[in-house]
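First the structure, in the form of structure tokens, and then the observations on it.
Chain naming follows the written order as A, B, C, D, E and F, and within any one chain the residues start at number 1.
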Amino acid sequence: KPTFISRKDSVGIANGLAWTSVGGEMLPVEVAVIPGGSGKIEITGSLGDVMKESAKLAISYARVHGEEYGITADRLKNVDIHIHAPEGAVPKDGPSAGVTLTTALISALSGIPVRHDLAMTGEITLHGNVLPIGGLKEKSMAAFREGISTVLIPKENESDLFEVDAEVKQKIHFIPVEHLSQVLKQALLLPGHSSSRGTHTVPQATNLIANDKSTKEPATVM
Amino acid sequence: KPTFISRKDSVGIANGLAWTSVGGEMLPVEVAVIPGGSGKIEITGSLGDVMKESAKLAISYARVHGEEYGITADRLKNVDIHIHAPEGAVPKDGPSAGVTLTTALISALSGIPVRHDLAMTGEITLHGNVLPIGGLKEKSMAAFREGISTVLIPKENESDLFEVDAEVKQKIHFIPVEHLSQVLKQALLLPGHSSSRGTHTVPQATNLIANDKSTKEPATVM
Amino acid sequence: KPTFISRKDSVGIANGLAWTSVGGEMLPVEVAVIPGGSGKIEITGSLGDVMKESAKLAISYARVHGEEYGITADRLKNVDIHIHAPEGAVPKDGPSAGVTLTTALISALSGIPVRHDLAMTGEITLHGNVLPIGGLKEKSMAAFREGISTVLIPKENESDLFEVDAEVKQKIHFIPVEHLSQVLKQALLLPGHSSSRGTHTVPQATNLIANDKSTKEPATVM
Amino acid sequence: KPTFISRKDSVGIANGLAWTSVGGEMLPVEVAVIPGGSGKIEITGSLGDVMKESAKLAISYARVHGEEYGITADRLKNVDIHIHAPEGAVPKDGPSAGVTLTTALISALSGIPVRHDLAMTGEITLHGNVLPIGGLKEKSMAAFREGISTVLIPKENESDLFEVDAEVKQKIHFIPVEHLSQVLKQALLLPGHSSSRGTHTVPQATNLIANDKSTKEPATVM
Amino acid sequence: KPTFISRKDSVGIANGLAWTSVGGEMLPVEVAVIPGGSGKIEITGSLGDVMKESAKLAISYARVHGEEYGITADRLKNVDIHIHAPEGAVPKDGPSAGVTLTTALISALSGIPVRHDLAMTGEITLHGNVLPIGGLKEKSMAAFREGISTVLIPKENESDLFEVDAEVKQKIHFIPVEHLSQVLKQALLLPGHSSSRGTHTVPQATNLIANDKSTKEPATVM
Amino acid sequence: KPTFISRKDSVGIANGLAWTSVGGEMLPVEVAVIPGGSGKIEITGSLGDVMKESAKLAISYARVHGEEYGITADRLKNVDIHIHAPEGAVPKDGPSAGVTLTTALISALSGIPVRHDLAMTGEITLHGNVLPIGGLKEKSMAAFREGISTVLIPKENESDLFEVDAEVKQKIHFIPVEHLSQVLKQALLLPGHSSSRGTHTVPQATNLIANDKSTKEPATVM
């Protein structure tokens, strides 16, 4: 199995999901917090302009909401941050790694580990809303192949779950999310919470499939 | 309904209106004010050069007129500002988001919320004049679909209201504006003003339609 | 009438004249002086490289000659400057806005208003000389349509006045200028001078038409 | 033999392996640490974007893990770093010099020499994982021609060793590695370790060939 | 006559000579020294890369040799410098304005005027050597048309004087120069020297024509 | 003879050799050290990317090895450096000016003159190794035409001397070098050494020709 995918709960790495012309793939994001810095940002991994902008949204979100995760303003001024998406030679673009970039970044800055058996996909806005993505079927299949047990998806993509293979839906717990705060609650192994797989509190969990194809925009549930 | 559109009165988000090849669309603008900054500006959302320049006009307007909304010079020096237009992968350009960019920015810096049931469109100049835009009919239809009750339009576009569907004009209150100060008076929920929908003071409100097609440039009313 | 054109004597705006493939147009230039700055320059309005360089010539002229208009060196260090040419989506280029850029800039920095019933056209050099321009006939017609009463033109374009419509020449007072100091003397409403239209002191004023087509370069008068 | 290849144990140079259209080649990387600097980075050698990003990964790794090799944070702030890949006119790109760049950099900053009879190839991630590369057969042949005795390869490339010539495998000791810490342990002549060729402790050494072509992804051994 | 050409002895302007597809032209260079600066350089006039590099050579020459003309190191640190070549819309390139750029710059920084009845052409090197140029015949004709009495040419172009019209050679005094120090001695109206036209000391003056066409590179005389 | 070639022992200029489509040429490099600077570097002469990178290698070499030539770290911080390759309009590229760039730079910083009757060619690496070049025959002919008596060539090019004309080899002393320290020993007129032509100590001097064409890579002698 690809060694660059997060295989144990770790700090500064989150498993995303990408959709390419040949199917879905795991797309991990790594973040390093470099001591003795001055707030500079380095972004690598052959990222296109849209994905680089997603990284900037993640950084602004972390700067505004960092204190909720124990990240002080001082910390952000005295480090440099490096965001990387392996593999280096593979061009990557699109907005759907927004949740992954933010999760890896908040983890790296706070020291809180990320669940390695969880993957995620979703565009973010500057204020933390999670917007819908494409390729849910293919992305789910990639998560399934890699043994992922939980996948966070945008609330607006709930209606697309009917396309996902039945076998995949049996093994993977899909959690729809509307906001980054929900993503971080699910993905980060916050102290004081049970961290073992399967005992996570998953308040808005649902495996419901929007079978009604005519309903493109399902009513908001959460 | 798209989750990235402002659905309740909030700080740092304003609902704009865009005109694309496939019709009108809501185009919200988000602004985040990042503490512990040094006056740096980040602009994201796949914006073209003209729209980026609109954002710069908005920033200069806020720097010159900020004190009218309680924004001190010190505040501007000690924060960074991030302006974003979701959705990140959709290229956006043109000057007509000028009023929206300025409204979201002044709201974010002052902490004054923006009416969520109001949308707007209009180019701005550096001195705050509001210039006419295209696609009023399509933009109005988008606002109507999203349940918007008030739309701010440039004074010079009053004559284009005759093209707008009768049903739309029945539901939406169109307010022509000539200057950013009027935009901000309508859109910001300033303290000491009634904030409930329908009781806004709308001094220059008008639903008049310029039926006379020969009059391209109607006499200035305000 | 276009609302972005200066319609009353104001600080930081001057009416220029542009020559496009579809005829002449008014081309106003706006300047904002932003307090709490550090000498940074922002230039917007979809300007091409040549027009951006004209703006830089204007800035250097203001820095060297500012004291003649009460602009101290300290003032220039503690502000940022934003120069804008509406309308934002219209590409603009060429050197002939040099006089307009300088006039709007000196006005914004000094607080001295600019005559709104006056338009101007002319390339500038770094030392303030005014060089000839093209499209005088078309530019004059645009000034005429907008009700302008005085137009400043380069001395070397005097010979082109014979091409201007007789009706235009009857209504508009053409003043040939050789140097920016003359431009500013005519355009700025300096304290201690009569500011009402028609009583301006216009020492080098002339409506003479160079009828002799063989004389491309008329003898220097001033 | 090419004089730019490391021919004796030296500080700040490591022998990499490149794969070009005409076969494999040795690709040394040189690093100079310049006293009296301020943390600036210079990268030369006609490197493409992906290889420049590999250099940035190497730098971040050195900044985060430097102390393990006696590199203080102060040292990194008071020097400039220059990374060069001879020959200057040959365009180079790709991610597989990641291990070489990091090794030369850590050596230059720490003063610890690098084994000159050892070559290496492998992409790195920001957290130090070693990812698989292409062209193992050709790269091995180049190392063989240059008299290299040990080659570090990514663990995931073990299965490709079956393609390598028998003669090459007889002379060269292949060591699969999963992480940069293993690379540095093998390549750096750390004080207190035996440094003579042939007596290196090579805990995970293996010459095993993955003969089973159907197994693209061999089970993890280490 | 074009008003942007220097018509009286002035500080910060020197008359160069350009060679275009339609013949020779006067190419003046203006320099402004801006008080209250910090050593920044602005270069305008639609200059190509080669001519911009000539400007940088001029600046380095002035910084190294300024004291010979009374320019202190302190002065250079407390001003900004703007170099401009009118007319702004005309693209200009090539190395032959090197002498003109340096002369205008040294004049602007030292306050010493430049002879307005003198024109010049010549590439410079960093150490002040004057290299040969093309188009001497056409450039001379342009100087003649503008009433120039003295033209400085590179020593290596002496052999090209045979191509210049007899009438031009009768009116214009050609002075071959090998080094910038000679250029500045001729062009600057240094205090203590006679400044009236015709009484300049011209030690290396010559009107000799290299009639021997076979001699491409005449023996060095100076 | 071209005046930009070094014709007497001078500081800050070294004679290189270029190989173009029309044969060999002398390619001098000039360096100016500008007092009152802050470590900034200017590189001019229409250099391509590879040659600019050679200049950066020269600068790093000078910063690391400067003290061997009496160049203090303080000196490097309080000057700016300008590197220029005349003639300004001729595009130049390639790595073989590495030795020339370093020699001119070390001379300019140390004040030690460079022999003007010596020319050189060779790529450098960051650690000072001299790599082979192309066009030795053509470059030698250019040196011969200009009256050069000594040419430094890369050790690896010794085998190419058999191609050089017998007449050239009779007049020119070829010295193979492996490292920049050897280049500088030969080219700089260090105090305490005899500086007259012909009495230089040339320890590794050789005119031997590698007649054996089959030996592409001759055994290392030094």
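As a convention for this text, contacts are C-beta pairs under 8 Å (C-beta built on N, C-alpha and C of every residue); 3 or more make two chains touch, one makes a residue touch a chain.
Computed from a predicted model, the values in this text were never measured in an experiment.
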item	value
Steps needed, at minimum, to go from chain A to chain D via contacts	1
Any chain in contact with chain A as well as chain C	B
Chain separated most widely from chain C, comparing mean CA positions	D
Angle of the C-alpha superposing rotation, chain B to chain C, to the nearest 5 degrees	60
Proportion of interface numbers common to chain A and chain B (over half same, under half different)	different
Approximate Å spacing (C-alpha centroids) for the pair chain D, chain E	55
Separation of mean Cα positions, chain D and chain C [Å, integer]	64
Centre-to-centre distance between chain F and chain E (centres being mean Cα positions), rounded to whole Å	32
Chain B, residues touching no fewer than two other chains	none
Round-the-ring chain order [start: chain B; next: chain C]	B, C, E, F, D, A
Residue ranges of chain C touching chain B (in the complex, touch as defined)	1-4, 10, 12-13, 30-37, 42, 44-46, 80, 82, 84, 86-89
Chain F residues within the chain D interface of the complex	49-50, 53-54, 56-57, 60-61, 63-64, 73, 76-77, 94-95, 98, 123, 125-127, 129-131, 155-156, 178, 217, 220
